[in-house]
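The following block contains the structure, expressed as structure tokens.
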Amino acid sequence: MTPDLKVVIAGVEFSNPLMTASGCCGYGEELSEIFPLSKLGGLVTKSITLHPRLGHPTPRTAETSCGMLNAIGLANVGVDKFIAEKIPFLARQKTKIIVNVAGSTIKEYVEVCARLNDCEPIDMVELNISCPNVDEGGMEFGADPKMTEKSIRAVKKVFQRPLIAKLSPNVTSIVEIAQAAEQGGADVLSLINSLVGTAIDIDTWQPRLTNNKGGLTGPAIKPIALAMVDAVYSHCKLPIIGIGGIASAADVVEFMLCGATAVEIGTALFIQPDIPVKIAKDLKTYLKDKKLTSITNLIGKVRKYK
Amino acid sequence: MTKIISEDIFIVKKRNLKNDYYSLVLKPFSKIENCQPGQFVHLRIPSASIFFRRAFSLADTNAEKGTIEIIFKVFGRGTRILSSFRKSDYLNVLGPLGVPFKLPDKKEKVLIAAGGIGLPPLLYLVAEMVKKGYNPETIEFFYGGKTAADIIERNRIKKMKVNFHPVTEDGSFGEKGLITTPMEEMILENKAEKMKIYSCGPEGMLKAVNELGLKYGIEGQISLEAPMPCGIGLCLGCVVPLVKGGHARVCCDGPVFDIGEVVL
Amino acid sequence: MTPDLKVVIAGVEFSNPLMTASGCCGYGEELSEIFPLSKLGGLVTKSITLHPRLGHPTPRTAETSCGMLNAIGLANVGVDKFIAEKIPFLARQKTKIIVNVAGSTIKEYVEVCARLNDCEPIDMVELNISCPNVDEGGMEFGADPKMTEKSIRAVKKVFQRPLIAKLSPNVTSIVEIAQAAEQGGADVLSLINSLVGTAIDIDTWQPRLTNNKGGLTGPAIKPIALAMVDAVYSHCKLPIIGIGGIASAADVVEFMLCGATAVEIGTALFIQPDIPVKIAKDLKTYLKDKKLTSITNLIGKVRKYK
Amino acid sequence: MTKIISEDIFIVKKRNLKNDYYSLVLKPFSKIENCQPGQFVHLRIPSASIFFRRAFSLADTNAEKGTIEIIFKVFGRGTRILSSFRKSDYLNVLGPLGVPFKLPDKKEKVLIAAGGIGLPPLLYLVAEMVKKGYNPETIEFFYGGKTAADIIERNRIKKMKVNFHPVTEDGSFGEKGLITTPMEEMILENKAEKMKIYSCGPEGMLKAVNELGLKYGIEGQISLEAPMPCGIGLCLGCVVPLVKGGHARVCCDGPVFDIGEVVL
């Protein structure tokens, strides 16, 4: 019997727990030239804002030890063009569609989400209240429990399907923010976004990013993400989508043992774009070896030392 | 069928062309039939200090043998490690990537403008044109480098019977100076003819070539470099501003752009 | 002319900006079998507590991507045995001696520092208000500006030489903590300590550390450390000792360009114990290439984008 | 002069001993004269997925040739990559590390208890004893493994003319069972003689051997494994509890400990 990879989050069924993370798979078109998107449990779009954005000038990425920095600056086509030009393609894919939304004011979040609410193919919205790469707000929402709660409550009023709050790791207590998101009415939590970091070119003495700093992602940050998922799982009832440095089936198992119901894969797609297909295969082998029938048997089952 | 593949392929031949310049021939590459001049492959270099893949233009392909060739110069950490790989080692190759060159009309005069390690895609382009029956005499192959040591694969260029115009900054081989000088002379001497420019090389040179094209109203294409985390359009890390406004991704909207298309 | 590596911090002269980080060089004895300690600008001891500690049971380290987790649990000989048995050796070394002090109450910090004050060979004390590996307090001091200020003020009363406050990265705003430390009377800031992280064994489903979580260190965290040094340098006047993932001369240059006057090298010693000797040599070559006569020419000279 | 060195040394010989077992001979190691049985080297494995060094016991040294030998079994990521290294590749070696075995009196009967990949340090110990003029007939070489495939280097052991007692759990080679059974028989048969035990192997076996020694009042030493980030006493990551209280670092207070010294 092949083990079952299906998971259910906030009533939505995913064929497997593997999604592609926001900003790491565009709007899906390019990835579909590498593998059929039906292989994914879900796809999370690049952050959508009310108006189109070009983002920061190049260089806006830099290589680091087992990871990378980015300060793309929320480059995206804007919500109207997204709905008109990107949704038709996405609607044809046999995978769940999660639209990531960013903004610099609560009003902006609400306006974008209201438009997305009328767009049937969208399964969920993920609220990026944690992007470190825009000055106007992004980050502050996610660092302040009150703002977190308030913004989520406002969006919940206009968006009727499940809402994911994507949390920032750049805080003293992610549990406190998670609880505020729960309070505000979030249905799901996803964590983590990138960690603030920088790198300097020792020849030119300039930062390697035109934005001077950026967000650190990739395998380097996995232990941090895992500890945060573990902490939030212990203190919050909401289902969790684990994110951060995932690049193998073993990584997915670690996140699920710590309490994640599903995961998002980001940076690893840049190194090995077909990695989700391999991970799905390896997960089945792992479950078989462990004589488990469903991947949900892993969720939160870490056996901690007393 | 997907258009792009990622697979482990073997080094079947490694040559140290000159000083820091190397050629690697790899096989078997499944997507060999899809490859076109101007496209590149993204190589994974398995090492602790290298995280991103590294992009290398296709320098040649051989459909019968299933081989692709890349030519590189040791520049930083990645290329240094790559130069230590040996025959029968394998590398993970993602490709073929990017938009290829558009071939010229057969009647047009073709000005090739290669600078330094910008040579490989132009080698492939010219080889392909010759194979397709273009008259090599209509191809003017300008190739500039700092010094004689930077003008590699001379015999290979000569064998294609194109008009070879080597240029070095220090005059140690070929004409002294920058390639845009003899190119401009050639343009002025052949005003009547229809011409196309194809260029790849350092940023400064591309800028000059781009301006040359605009100045004399000569169409053509230039191949750009950019930091490329993914190489397939996912990350938006490689963008260049467009003259008409907005951004283009060098990896999948390029690396080949028309003269006058991007802000350099 | 050989470029000058000398730096001065709070009036103390270091022959070069390279120190070994707390917990990564014991009390110096073992390292002296690899290279003469006079090659170091300074040596920072393992955290000393009032009473001896065995720390957590093994496994208390784990390998991660470009880094490691540790939950040693402040294992140390205790202040009395440290003074009696370790100081005599350290006093003979031609390098600056910095004693790192940890505690679970302000009283404990004060008591340890009072004893160290009577111990002449000690050049500075570094207050570890940021260790994530003890339940009793450590971490909380460093996460709370008020506690930070209070503990430093208390120690300043009993310890007459320069005092370094070692900051935790596990906070929303390290600048706020740095300013509190400055307010409390710290003479120097060192940053960063390790980031909370974990790893799970997917065969046993147990954490890889008996403490369930630990601190992430090594090259993986360098971009985060660098961004924090940069932020603190922009908002604080105190000299900074940069810490986090340093493993090459290039890394040291990055930290100094971002505002560090000196650095501490930790995890890299485990991989290449003689790395400080190589770094010192490479730094001289770098300065020569850049035609700089003193390494102090680098401090804070990053050329940021507007 | 420092006692420990870190240097790049070359693989001069690589042998695949059996299935997943490999031997690497490396040279030139500067500290060859310092090496003693029971000590180990810490190898840096240059790869993206390996951060820590990996510890390997010295399996032999040759002072004239300047070579050291290690024997390993492919276990996880590190050893898998190590097995892909080839002759003339180099590795960074840190060593020699740790406290060596104390040699027995020449009159004592010596019980060697090797389990699985615990063999290498004991091979070196016995080779050294034979070289120093110990009578091989007084050496009882117990060597246990899961199955015949885990009993490697049989000829090498036989050539040393010691009394070889192979034991496998499935009885596919030598006696069937665990080595502590024939060891206990040997002890009971030779009650009158003075004996010493030397052991290295899996945790369960070491525990049983340790108890055997305590039960019959036989002195001896066991060599432990532990996760070893630094290998030289800096990190305190490798500690084991001591019977007398407190902790010892396996890397520099061990890896060799007296029977009865540590809590297993």
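As written, the chain order gives the labels A, B, C and D, with residue 1 at the start of each chain.
By definition in this document, a contact is a pair of C-beta atoms (placed from the backbone, for glycine too) under 8 Å apart; a residue touches a chain by one contact, two chains touch by 3 or more.
As the structure is a prediction and not an experimental result, all values here were calculated from the model.
Asker: Would you identify the chain whose Cα-based centre sits farthest away from the centre of chain C?
Answerer: Greatest centre separation from chain C goes to chain B.
Asker: Could you grab the centroid distance between chain B and chain C? Build each centroid from C-alpha atoms only and quote it in angstrom.
Answerer: Here the centre of chain C sits 48 Å away from the centre of chain B.
Asker: Express in whole angstrom the distance between the two chain centres, defined as the mean CA positions of chain B and chain D.
Answerer: That pair's centroid distance is 55 Å.
Asker: Mind checking the centre-to-centre distance between chain A and chain C? Centres are C-alpha means, answer in whole Å.
Answerer: Averaging C-alpha atoms per chain gives centres 33 Å apart.
Asker: Counting only residues that touch at least 2 other chains, which ones in chain D make the list?
Answerer: As it turns out, chain D has residues touching two or more other chains at 48, 50-51.
Asker: Could you list which residues of chain A touch at least two other chains?
Answerer: Residue numbers touching two or more other chains: 64-67, 218.
Asker: Between the chains shown, work out who touches whom and classify the graph as line, ring, star, complete or other.
Answerer: ring
Asker: Kindly provide every pair of chains that touch.
Answerer: Per the contact definition above, the touching pairs are A-B, A-C, B-D, C-D.
Asker: Contact residues on chain C for chain A in the complex?
Answerer: Checking each residue of chain C against chain A gives 64-67, 69, 143, 170-172, 195-200, 202, 204-207, 210-213, 216, 218-224, 226-227, 230, 245, 250, 253-254, 257-258, 286, 301-305.
Asker: Mind listing the chain C positions that touch chain D in their complex?
Answerer: Listed in rising order, the residues are 23-26, 29-31, 33-35, 46, 54-55, 57-68, 70, 72, 75, 218, 269-274.
Asker: Which residues, counting only chain D, touch chain B once they are in their complex?
Answerer: It comes out as residues 46-48, 50-51.
Asker: Of all residues in chain D, which touch chain C in the complex?
Answerer: Of all residues in chain D, those touching chain C are 2-4, 6, 44, 48-53, 92, 94, 226-227, 229-241, 246-247, 252.
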